[in-house]
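For reference, chains read A, B, C and D in written order, and residue numbers begin at 1 within each chain.
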Amino acid sequence: MGAKTIAVLTSGGDAPGMNAAVRAVVRSAISFGMNVYGVMRGYNGLLNGDVKEMNMRSVSDIMQHGGTALFTARSPEFNTPEGVKKAADFCREKGIEGVVVVGGDGSFRGARDLCGAGISCIGVPGTIDNDIACTDYTIGYDTALNTAMEMIDRIRDTTESHDRCSVVEVMGRRCGDIALNTGIAVGAMATLVPEVPYDFERDIVERMKAAQRTGKRHYIIVVAEGVGHTQELTERIQAATGIESRATVLGHVQRGGSPTLRDRVVASRMGYHAVELLNNGASNRVVAMKGEQIVDFDITEALNMPRIFDENLYRVSARLSI
Amino acid sequence: MGAKTIAVLTSGGDAPGMNAAVRAVVRSAISFGMNVYGVMRGYNGLLNGDVKEMNMRSVSDIMQHGGTALFTARSPEFNTPEGVKKAADFCREKGIEGVVVVGGDGSFRGARDLCGAGISCIGVPGTIDNDIACTDYTIGYDTALNTAMEMIDRIRDTTESHDRCSVVEVMGRRCGDIALNTGIAVGAMATLVPEVPYDFERDIVERMKAAQRTGKRHYIIVVAEGVGHTQELTERIQAATGIESRATVLGHVQRGGSPTLRDRVVASRMGYHAVELLNNGASNRVVAMKGEQIVDFDITEALNMPRIFDENLYRVSARLSI
Amino acid sequence: MGAKTIAVLTSGGDAPGMNAAVRAVVRSAISFGMNVYGVMRGYNGLLNGDVKEMNMRSVSDIMQHGGTALFTARSPEFNTPEGVKKAADFCREKGIEGVVVVGGDGSFRGARDLCGAGISCIGVPGTIDNDIACTDYTIGYDTALNTAMEMIDRIRDTTESHDRCSVVEVMGRRCGDIALNTGIAVGAMATLVPEVPYDFERDIVERMKAAQRTGKRHYIIVVAEGVGHTQELTERIQAATGIESRATVLGHVQRGGSPTLRDRVVASRMGYHAVELLNNGASNRVVAMKGEQIVDFDITEALNMPRIFDENLYRVSARLSI
Amino acid sequence: MGAKTIAVLTSGGDAPGMNAAVRAVVRSAISFGMNVYGVMRGYNGLLNGDVKEMNMRSVSDIMQHGGTALFTARSPEFNTPEGVKKAADFCREKGIEGVVVVGGDGSFRGARDLCGAGISCIGVPGTIDNDIACTDYTIGYDTALNTAMEMIDRIRDTTESHDRCSVVEVMGRRCGDIALNTGIAVGAMATLVPEVPYDFERDIVERMKAAQRTGKRHYIIVVAEGVGHTQELTERIQAATGIESRATVLGHVQRGGSPTLRDRVVASRMGYHAVELLNNGASNRVVAMKGEQIVDFDITEALNMPRIFDENLYRVSARLSI
């Protein structure tokens, strides 16, 4: 009763581990006796017919590489009712009954629309920001965390040698998870996230002065992208404390790199689960991780869930940082 | 009602992230208003009085380093009733009411015995093997996984260039978790673990031949230490398939290295939780991770839990590997 | 006839490998039968008496860490005749006859002045920029090159997945060596250095269009800090080519990190050579590398040498990049 | 007057940076207006016609990967006069006038023989061992050095935590360069190389005891593969000193991995130089590095040069290690 021919695409910002998800979709599909297409450059590939039939060897030796071997791109045309219909027609023409979409919330809205046009779709959460409400974990998150941490470990060397304060901006526009976890892992004096307002005097200046009294001479402050004003904040800190302060914006480096084990393994499990869902005739589902379990939700419900910030972890982080 | 003075020690094999746990114990204890001692070289430090009082700065800049800044060692003397009594007497003399023990099952048996002699003890699971039944996760496991994976990624370069088969032995004497997860992450053709018997013809030779028919020309096989006979197996594979085969034993490299973010963050959370337990007057507990939650169990109960191998993940791994 | 008591300091911007140089100075000095002091925070330590006597164990396990265990700082006071005299007086008081100064050109000017006040000084080139004329190699350069390369390798993953152009600014205010070598190593489409003027149309736009005609869809452009205007340049590229373009400034991450083998080995050789010079009664010399040989020059002559940019390598880089 | 059509192959053991050399040959050849073939699996590709015409894009995005995208293999058939003639005939048939051979001494003997059969050949030194007499540097050497160093840095964490001695075997059958440089970079207590005989009591036991008296409690000993008996030596050390000792053989991990900047840049320069030689009508030359210069020698002369071990560096290493 499930799909006999499926396709897989990556959409939105790329994330390390997307290749492991694609590989798992292709290999699982073949092991279930399905045909499987790779769709190039997100939904665009369904609009301009840029797909290729995949076999066991098509996905060899891609898992260890960052980025996505299927490429990704925005698709303004697909964001119209005509675009969705055109994509669905293309799928029917090719015999594609199910599509696995690896991406973020925006990509899942596309998947929901494509379901509405008669093609079974399964979403797989792939984005470094961990900003998808229904899942504890998104593919790419662990690699981005480790990249940010390793870069701040390097910055710490020079910060410490010069008795300075370094203010480091990490990714996370709406979601402070990268900042919070990286902050704990590098022993940041303070961590600023979009979910929690901060008081400059109490949360930064007074903490630095208290630490200084215990003998501390160098400081790391981690700021999520969504908090912003990193350069300005840095100057303010230097003015208020007299400690030489420098800003660094880590930027796109955080998106790339060979995926960590966790990203490869979770992506493999999620890709497998997505195909199992299609094989069982499911549609309009998004794969998610809860604790160590792989589960799934209705896409529309998932898109409406509120994201919950881990306030408790935030409080622990404050205890450890002075 | 909780302890006013506590101590922390690391025991058994070292694991990356132990320093983050020690740091979290020290900083949390001070933030709760406790005094805290660092005990050198495991239980030995309690026998020969080798402890040092810790302040906020004692644990600065240790979190990013592998190994344990408190050192570790076996302690045959402590494994006697006289030894346990001597250690408990030393604690009482110093005013130490609670001890946090970071280590594996053997270390927890020591903690249980020290509880029996009147000192409150809390175990924190620190061992790269992930072989502690009560917890989904042990400190050092994620770093060991990533180290093993990165080393096999390197081996793959030469394996692929020469159209060879590489058989790689990873750590795990009783527990196949490192092998299973590493095998998925490197795309191993086959993974052998102590928990699941294997059939040489069906699980290795026939799989390699099936993959060869799809065009595959190089192979990685991951073997857990507890399965053993890696060199012999490698020669058997070469004889049975005609494919040039090489064995590598990764060895102690897997124990070291700067801890990954996950090891640093989980160790920080567990160290904090251990101090919170002592602060609340608890004793004879072991901290554990279930999904993404930090929980705790009675040590004696924890030591009697059976370890459960993830058979389902094992089956997924087989699907993806051809 | 040589010095019986010496000191070592690190000055100017920190660089990975400085610790290996300090270790080599301390261990070599002790093996020659000398006493040796570590001076804290550059020339400041000589002004405020912040020195510590070093033994074999003082420099254990520092070689693998970035930054400098002796710390570094600017010293406005030392940059006055009174400051130099005060430092020289302190040296005489402590019996310090020779000082090894690890740093850049500014630090060597200080060393020359201290020689003028009667203290034997030897400079060791430590700066990530490779901007010291007398030597082919400065300590920290190889680590900075590899860090920049690895970060651009990561940026490439996302650049490629999105068919973009990434413009990456690397360190090098007066010297294009980091940019030139990193550009070759990441296969940059174009590399801009302070030593060679460029023509926007010919060197960037036309090259990108020529490459596009061969099927290329993503581009890396490396820009040395000294060329500047990276954000502006990026916008100009996007406007001129229609290819989505992003700027990244790598920043202080390039200064830190565990030193590469080359930095550790060259620093060890240079530190040893510096002590040998002091042991032979030399003064006012700077240690340098020519090809694979360690040599030395008069500091004043060294400071007057013109830096030579490798035009030939620049031309090779252009041939390989389309 | 130079070659109009050339080919490139990789032969012998693979080495990181071979891909950068192949890329440089292909891109340089095209920029000189030549046609260029990639030959698969070493000399075998010339015997069984397994070559592919290369364009600018054929070598995109290979530079950052270890191993060789052209694969490599032994070729017993080519090691016969009939095999050489067959390969030369194939070249003539395809119009291939020149061949660039990336490999070690054995590969250069093949190149010399192919020259004898009328095809211009240029050797490029590619082998991790740095065991080619005519050149200061072979492609892959720097990556292997850094891999060995990073792995021993990891081993050090556990060695230090347990107060142990670790004996680590690194690659180098005839040549101690990897062991010598790695030994300096990890601060080895002793380094054993095939070029210098050692006295067990004087060079190991007495040194360890002397260091122990200064407070040292953990030890690294680096042994080149060509010295051998690593397990036996380890047991002897434990018996003689009473210090718990462990052996690790790093093995094939050292052959792989993303090439360091130095390997990518030197390989690029050497590949360019090889094509320039063919373009100028040269033949039977091997490219080499002397100091920072790229030079070339007659292959037959190069094969007869004696390798010189850096005795001076060996002596420096002994001074720094206690």
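Just so it is clear, contacts are C-beta pairs under 8 Å (C-beta built on N, C-alpha and C of every residue); 3 or more make two chains touch, one makes a residue touch a chain.
The structure displayed is predicted, hence computed values, not measured ones.
Put simply, the chain farthest from chain C by mean CA position is B.
Look at the contact of chain A with chain C and you find the same residues on each copy: over half of the numbers used there are shared.
Rounded to a whole number, the gap between the C-alpha centres of chain A and chain C is 36 angstrom. Per-chain CA centroids place chain A at a distance of 39 Å from chain D.
In chain B, the residues that touch at least two other chains are 153, 156, 160. Contact between chains, using the touch rule, shows up for A-B, A-C, B-D, C-D. Across the complex, chain A meets chain C through its residues 10, 13-14, 16, 41, 65-68, 71-73, 147, 151, 153-163, 166, 246, 248-257.
For chain C in complex with chain D, the residues that touch the partner chain are 23-24, 27-28, 31, 55-57, 60-61, 63-64, 136, 142, 145-146, 149, 153, 156, 160, 181-182, 184-187, 211, 214-216, 258, 260-262, 264-265, 268-269, 272, 290-293, 313, 316, 319-322.
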